[in-house]
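Multiple structures are listed underneath, in structure tokens.
Shared chain: subunit A. Partners: subunit B in the first complex, subunit C in the second.
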Partner chain A sequence: MTSLPATIFRELRDPLNLVRHLPTLLAVGLVLYAIVAGGYVVALAGFALIYAVFVTGLNIFMGLGGQASFGHNAFAAISGYTSAVLTTSYGWETLPAMGVGVLGAVTLAVIIGYPTLRLKGHYLAMATLAIGLIVYEIAVQWQSVTQGYTGISGIPPLGIGKWEAASDRAQLIVLSLIVILAMLSAWRIRNSRFGRALVAFSGSEDAARALGIDVARYKLAAFVVSAVYAAIAGSLLVHIVGFVSPEVFGMSMVIAGFTMLYVGGIGAVVGPLVGAVMINLLPETFRGLKEYQDIIYGVALIMILIYAPGGFASMSTLWRGAPSEDDTIARDPGLAVNALEAKP
Partner chain B sequence: MLDVKQLSARYGHVEALHLIDLTVGANELVAVLGPNGAGKSTLLRSIMGLTSSSGRVTFAGTALPRRSASAIARRGVVLVPEGRGIFAPMTVAENLQLGAYQIGGGGAEFAARLQHVLSLFPRLKERLSQTAGSMSGGEQQMLAVGRALMAKPKLLMLDEPSLGLAPKVVAEIMETLGRLNAEGLPILLVEQKAPLALKFAHRAYVIANGRVAAEVNPREIKSYDELARYYFS
Partner chain C sequence: MIDPTYLGQILVNGISVGCIYGLIGIGFCVIYNASGIVNFAQGAFVMLGGMTAYLLIAKTGLPLLAAGVIATLVVAVLGVALERLVVRPLWDRNATMFVMILATLAAQIVVERAMLLMVGDQPKSIAVFTDLPPIRIGGVAIGYQLLWIIGVSVVLISALNAFFQRTLVGRAMRACAIDREAAALQGINVSGMLALSFALSAGLGAIAGFLVTPTQYTAYNVGTPFAISGFIAAIVGGFGRPLGAFLGGIILGVSQALAVVTFGSGMKNVAALSVLLLFLFFRPTGLLGTAK
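== the complex of A and B ==
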């Protein structure tokens, strides 16, 4: 299998590919700028990176698996609250608390995924929406643990052992490393047997079944894997902000995640990063327009989706005039050729 | 090899198949003919476990599970579905890899199967890195058949492989199927174009209104009017 660095090198050798990957390079550049510049943009970049992890999970379930979920905020909430409660009330360290949070989210994903994933299309979307709403209500009502709307404050920052990422820049560097790991793992998943099976049944469940793919099992696996990303994002969010309340994991998180997924490029490995950075920074670009800011932001989003329906990650099609042969850097067309050449 | 007994299937209140009996022997190419809506595709989908049905289907002496296509595929029964069912956003190479899903995407066994498929359809070799959706209809059909062959089937079922293709391409695909059959691969072929199917088939079933209207020997058919009578029986 071709390695990721080799794929990136091959992509960037061609000047046209440099243009194609401009949105990705821009997103990476903006994060680097935030690390260097500091100030308010650090907070924005931090949120963007956390959402990049959250949306990477959505991208596996929706972009590769072709399913719909409006309830991944539930997994972020479970992990986020678990992390917050264990660190503030029981004095746990950040990493084990996050681990337990992720485990809790995975458990819920398995329990609810098994019956729910029998549904398809809009029905699945509605069922997952209900899960998100139920978890939100629990966060509001279970005041003895979650402290309701008041929320939990004083959550420690990210850290390992005695070391804590106390400064904004340190947090941003840690988040950047986590996002790199998230992207790499998503790339590996996309190029694995599992990833190919997901893309297959997103195209045709019957055709995938007829090839021996256990669609129900892989759907559940994709749901659980995507819940892991959402859960990690949920825990990161509470440790970066230092506070959690039900609103943090409300419907706004789902809507933001969807917007980032589609603006960035659904199905493309780098789409979540591009989308998260663009959606977090785009409103700031229009700040000078004051009361017209939201209108212009809305129009900009509509224009993006009209003229680049595959998101920023597929912008190459705008000037190529043909479908991008490689709308994700994850594609590895040489696999079969390599196997053929490897034959003794 | 394949023995279908009393197979019935319904879509709600509509009976799509009624007590179908059908066999495919070792090394046989059996055609299923019939007009639109006769139940030919439902027959293949029922055998494959993609549509709920009643009756008994045995393959190589053991009963096939009725609602688990993936388990049936693992037994070596592979379907090339109507409309090809290729995975359009994936490359040709990835589609072929998925065909060999059960053995993973690499290794000597995979390479041997790939070489076999590419020797049958050399055009796919030139298209390995191309997205499957951007190929012509004929190439997509070759890919669909090639992908099925990557699974190393013990029985290959094809649903209307000639649909929407130019005659020259159809001939190329059918000749390949004939060659595979001659090498010992049993084939169950659903086809509307009766003359085409009968040219290669050892036996044929005519299905009308979800029932077997006739079992015919292609070499004994004097005229297609005779077949047409069964179509409208």
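== the complex of A and C ==
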């Protein structure tokens, strides 16, 4: 394992690598531009950063662990609604409300993860999809708390104690810091004993078991960790937007998340940021497409799945040299994807 | 204490909704048996069936049953389109199961959103097929639409059964279900079966959507709950068994109806999803065991 500065230095030494990292540099550049320029682009950059956190969670569970979950919107919803209710109805401060929300999501992840993760293939996919839909339905039906479709408005912005990130710029800076933390932690996870265990069982559960890896325990741990990212993203979303309704955490959140994951490249630590920025900011250059957003995401995802199943980043293999010794998974996202159960 | 007449009413309604779930569940089985694919866009067919019929009646003034038949054919063609545009390219590239699920789920969202743009978010409905007061048996009212649903379902299932048992094409599809390579070696056009299974499955979904629309309503987003109910029906019956799926649908319909009485109508989908989770956790092979 190499240290982060050393890795960055090594990566940027080679001009060919600069080309390879162009999408990342572009994504970071766009966020920086939003912070400096302000205005309408700020809201979009905010969404992109929040989704980057959400997708990082998916990336750990699916990119490293090779497991399918179509229900991570459930964790975002639980945390988001907890934040919203505690701050508006009970006058809590933002930070403790978020903490309780994340704790609630983690509790749910442990409870449902235990039986769910024993399932495989279609069953796992449908069970996770069902969990997402159950939480969505509860958000619609439990009107006394969630106010149904009407939603909860007037949620306070992010803040600590007296200080509130009220201005757009302050919000973006806070979000950027959170995304940096999310990426760093994902990077640490990938290079840890835990991360290697995930990669091992995504390749072959039997082989991993033979090596002494407690697959069930690590799977649950990966599920819970990814739920934490989803939950944090859910809370951030409600505090940044100031409003929450069930639609915010619908199934399209998961599809959008997977689109970003595939665009950015599965398994790569910065993939979620690249994907989220590209998916959130680029369509905006074609104004008036807001209504078609979900259609564009869906069609884009299908095209990528057909023509670049390792994600956009895998296309860079075209001009990539020999892989370095330490991070083959990050460089070959297809590895993690192919490891998913083969076609029956 | 619940009034027995009311309970009877609930059971009758549960059975008729269950037939719908059963038809959708059979749609899952038909594709799964032909290809091993679980089509997560199955709900789109149900929504399209009801919506196309509604549009035909509202825009062209076609008689009800003609609209139903045309809608079924249109959706069957759309099913083949889904197969050609999304499933076939992935199938040819040996995509993983996860990718196939994600792609069909994405297709579902695309169809839903496109319909939202076309017709808006207001629920639509079509008239009942036979506009007569319901038959009363001991205080339980049985509407003609329920009879239509149950009747058409029974006819369809008998026809499907005959198709799979007697006809050459039906037998070829069953052969694919048992072993695709062996079937190909016998000269069966396996990839043709994939397209046919999508057409059949889409048609079944469309009929289900057409039948159920007069009793409930249809909207751009009704597909996913129906698809999940159909999937549950297929699981309860043992995945890949068409008759099991039908039985599973009725069990699900009745238990959902009972849940509505006990916990209120808002809990309809939550109850169905809970049945799914219970089966997945405790008896994933279903009541009859999986087909394979």
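As a convention for this text, the second predicted complex is superposed on the first by the 292 of 344 C-alpha atoms of A that agree within 3 Å, B and C clash if a C-alpha of one lies under 4 Å from a C-alpha of the other, contacts with A are read in each partner's own complex, and residues count from 1 in each chain.
In this section, a residue touches a chain if its C-beta (ideal position, glycine included) is under 8 Å from a C-beta of that chain, and two chains touch if they have at least 3 such contacts.
The shown structure was predicted, so the numbers you read here are calculated from the model rather than taken from an experiment.
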item: Touching partner for A:Val215 - first (subunit B), second (subunit C), both, neither; value: first
item: First, second, both or neither for A:Asp206, with subunit B first and subunit C second; value: first
item: Superposed model, subunit A: greater residue contact from subunit B or subunit C; value: C
item: Partner chain in contact with A:Pro157 - subunit B first, subunit C second, else both or neither; value: neither
item: Partner chain in contact with A:Gly267 - subunit B first, subunit C second, else both or neither; value: first
item: Partner chain(s) touched by A:Ala197 [first = subunit B, second = subunit C, both, neither]; value: first
item: Which superposed partner A:Gly242 touches (first subunit B, second subunit C, both, neither); value: neither
item: First (subunit B), second (subunit C), both or neither touched by A:Gly104; value: neither
item: Overlap of subunit C and subunit B interfaces on subunit A (superposed complexes); value: 337, 340, 342-344
item: Subunit C partner contacts - residues on subunit A that touch it in the complex; value: 62, 68, 70, 115-116, 118-119, 121-123, 125-127, 129-131, 133-134, 137-138, 140-141, 251-252, 255, 258-259, 291-292, 294-295, 297-299, 301-302, 305-306, 309, 337-338, 340-344
item: Of all residues in subunit C, those that touch subunit A in their complex; value: 36, 38, 40, 86, 89-90, 93-103, 105-107, 109-110, 113-114, 117, 224-225, 228, 231, 235, 239, 266-267, 269-270, 273-274, 276-277, 280-281, 284
item: Footprint of subunit B on subunit A - complex, ascending; value: 1, 193, 196-197, 199-200, 203-204, 206-215, 267, 322-323, 325, 327, 331, 333-337, 339-340, 342-344
item: Subunit B residues within the subunit A interface of the complex; value: 45, 48-50, 69-70, 73-74, 78-79, 81, 85-94, 96-99, 101-102, 104-108, 110-112, 114-115, 118, 128-131, 133-134, 147, 151
